[in-house]
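In the two assemblies presented below, chain A is common to both, partnered first by chain B and then by chain C.
Right, the complex of A and B next:
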């Protein structure tokens, strides 16, 4: 309906009715919008967190094999480990990883060095680091001074930062420092021919639990194997916990919805004399129901849309998303919060239906009940009588 | 039959113009917000995390960077088998 459109008289009448009760209508609008915002924000956040983790964890290796000894983790001899892993049927593409967590200028960072050559299609203008150089994530780039980065405490290494990972890769690269294997080894305490661990992909993903015993037995030293589904389950548990917060936030929101509906019922019942006046002028009960439903929709639909749009922005736009994450997760740090929005549409439709339908039903039923009767009976409800 | 709203080039009476303006604002704002949200949703769903997924796959990361480096959620493979985190709840989020 564009500005030139002619609106039905009943809708114009409803809008005039809103203008006559401006303060009450504004209050109803604010209540509905904030109710939708609070409920949708918490539910959208937990759903988005779960969807993000699920999508990204799908790319993770099925198994990670780490060598352990009496002192904890031990470096893995690459050639021996590769030969042992390849002996197990179902194991495909075992990849040694050179990585570790080292102290950076503003807290720990993840240092990685790719032993294999990164494909050109991946790089998209990012120059691979040479000796003494590094490519860093957005979180590390903020702490840089003069394009140099000093890492490590005992054997510190200083590299020059030649590029930063794009912001759209932040979910994987936020805390990353990508350098050459020769630069990374002193930081990680490794010598050439050693790796931090071994990433293993399986021909059948369902076998990741079953194959672990065979894989562990194939190595000549004790190893610890971490599987992808356990990590995915941990992440899912976190998301469910956030969903629990959403439920807690939903309890007062439901009470608020009950109050709004009660207010609507009381308001409609209190206007019986007004309905009687309209009826005595020739209005039918259906006209009055249409008037009230139109009035409720003029206030309710923009309020619900505004609440949903605000919640969506608060969850999926990074500056606001950080504040939302701080609030929902109780201050735990989620650095690269650009969440995946698949499934968000369904959550928003559910919230709109959860709030909008009871509100409209309350308006419809109470008006039907309050306006049903003879004009004389309704006029008797006037307090002056 | 008299049909007050049927004439061509009908002008609303003065008391109704504010109501008409209110309707225009309500409908336009709702449509704009709805369309903007839906468009952003469609834009994001298409290829939102392609870059992050590609780097996850290439570097063989075990978990996304939603948690600080060094935390068990970021690097689940670093959790020492000798330390059962069930008995030290605070360690779960400590770097």
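Right, the complex of A and C next:
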């Protein structure tokens, strides 16, 4: 047979073989597709979280300075902090921020009172709140009664909600309440002239680690400084680890792969007489391997593609994305969750390699093992013999 | 690092390829020790079946191990630097891996090169029924085993080391190299110039040799193109790192080959260094085919065809490499009237 014409007849033969064992092929297809779906969904979700966090972190300040004392976090005197930070060469635009976590009607919410806390891109087209007003995230909006929101326990404040943050910013704004500084201070326990922390931008971003020692020494009280790269790395490590753990948790799915492989082994061993017949008609071992690999690929490639496509849809298209997030993280249900899909192609390649390569190797090895004997020995395996 | 899915994919591909290779190598041992093509007894028939199985397993192992190597390369160049504090490209990852990372890459390269050589011999051997190269092929296939084991060992060491690495500074590593070379800048500049001119001259010589090989595959030495190609690959890599890469980065004194793989530079490194790899592999194929042609006249015809095919491969890879490595520099010169270092 000429090399150029070797494959199409083999593929047609393989397709007919699949047709003859329709039920077994369908089972293989379903097992492979669900295995790919389960594994890919966990990994795509962690990748999407990572990409979304990275985009948000890119807009975060280079350094965040918090005052600490024996009891932990302490309010920051704005004037002193600004004066100390401005003394350090390379520091530009130090901005005091007002924010904190306070009790809400259905659990804790994050109150912010300065726009420096929230990336500017999220605030486009949203009118800033006046006294007695607030802009809230999707999670808080669901708990509203009559457009009014009551926050705090000791010093409760009631505000009217004038707007909600867009659904596609849900990962950062789900539990957010944006209000004026005067409304927020009683809730956060701060007096005028105090801030929660200080956001610092640098003239050169690359100096964020080098400048930390000078900056810490400039303040008259102990401070904790967090840089953007460290936060981004922590988020990235968390996302990757959660994806890895999700895959480990999917060991039952890997056992299903083992079952598929075992099924393939049994199938090939049982067909030894058939291989002997083909071999005695002039087929080589390589031809049989090609036939079985073609057969596996006709079933396997669509199964892998379907599994990957379903996982992609489950992670990146709301409201399915919210259900997936709820299932994977066990946290709050975010019906309009929208995640960034950059880097998804790499995850799909990883999944295709992790599932596809062992599957193909199993098909190849078992076929080789079954068809490697002499024609006479293989024909002897016929149960009618 | 151990949790990263690409690390898992790399190990799955390496383990599967290793299993296939080990199975094939075990069968190749029988072929290597007892191959007697003049006999037709039952043992020789069994060995022929072993030889066929070993060949099939070797081809599949080569495919899987190449996939593993590519996944590892993608990890180092594009993915894993995000797990290493302070790293921005593959330089930072290799810095975090220590010498184990470089050793792993060298042993992976040698293993794949040996298996590629075996593939060339096997491709020639199957063209004639006498099986004159079967024993040599089996020997070559088995000889890849120690290099592959070392590749796996050092890959494991390197990836485990990344797990607990302190902060690295890959740009500092590059700039330190430039600064430490400042005292020897004259020697460094002359080395870069020598490598640039040798890569240009070597490239031209290789192209001329390849044109001759395409026209007259049965004439001339096969070792000469291989020697020139190997020397050219070193010179071209140094010249690209010291001179050509500056036109991608648009800055001088950033001789980092790994940044070329980043999406910011359209992943040009994959194509440029891929071109270098193709030139080296195909030149070795020419050497092996020429050696086979001389020793076994029965395989002269298939060997000649293999030489022609490899020569076309080298010509194509050289054209691609030249366009990608020198294209930005020439475009810069045409646009501005001077080279990047200011010389007219």
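In this section, the second predicted complex is superposed on the first by the 241 of 385 C-alpha atoms of A that agree within 3 Å, B and C clash if a C-alpha of one lies under 4 Å from a C-alpha of the other, contacts with A are read in each partner's own complex, and residues count from 1 in each chain.
Keep in mind that, in the parts below, contacts are C-beta pairs under 8 Å (C-beta built on N, C-alpha and C of every residue); 3 or more make two chains touch, one makes a residue touch a chain.
Keep in mind the model is a prediction, meaning the values are calculated, not measured.
When the two structures are aligned on the shared chain, A:286 is found in touch with chain C, with no touch to chain B. Within the superposed three-chain model, A:197 lies in touch with chain B and out of touch with chain C [touch as defined at top]. Of the two partner chains, chain C is the only one touched by A:357; chain B is not. For chain A, the partner with contacts to more residues, out of chain B and chain C, is B. Judged by the touch definition given at the top, the superposed model places A:160 against neither chain B nor chain C.
Shared-chain residue A:34: touches no atom of chain B or chain C.
Chain A residues in contact with chain B (one complex) as well as with chain C (other complex) are 230. The touching residues of chain C, when paired with chain A in their complex, are 2-6, 8-9, 12-13, 16, 19-20, 23, 45, 49, 52-53, 56-57, 60, 64, 67, 71, 74, 78-79, 82-83, 85, 167. Looking at the complex, you find that chain B touches chain A at residues 4-5, 10, 12, 15-16, 18-20, 22-24, 26-30, 33-34, 36-38, 40-41, 44-45, 48-70, 73-82, 93, 95.
Listing the residues of chain A that touch chain B in their complex gives 1, 3, 6-9, 11-13, 15-16, 18-19, 49, 52-53, 55-61, 64, 66, 68, 72-73, 95, 97, 99, 101, 107-110, 112, 114, 118-119, 122, 137, 139, 165-166, 168-176, 197, 199, 224, 226, 228, 230-231, 234-235, 238, 298-299, 301-302, 305-306, 308-309, 312, 316, 332-338, 340-342, 344-345, 348. By the touch rule above, chain A contacts chain C in their complex via residues 43, 209, 229-230, 233, 236-237, 240-241, 243-245, 247, 284-286, 289, 346-347, 349-351, 353-354, 357-358, 361, 364-365, 368, 372-374.
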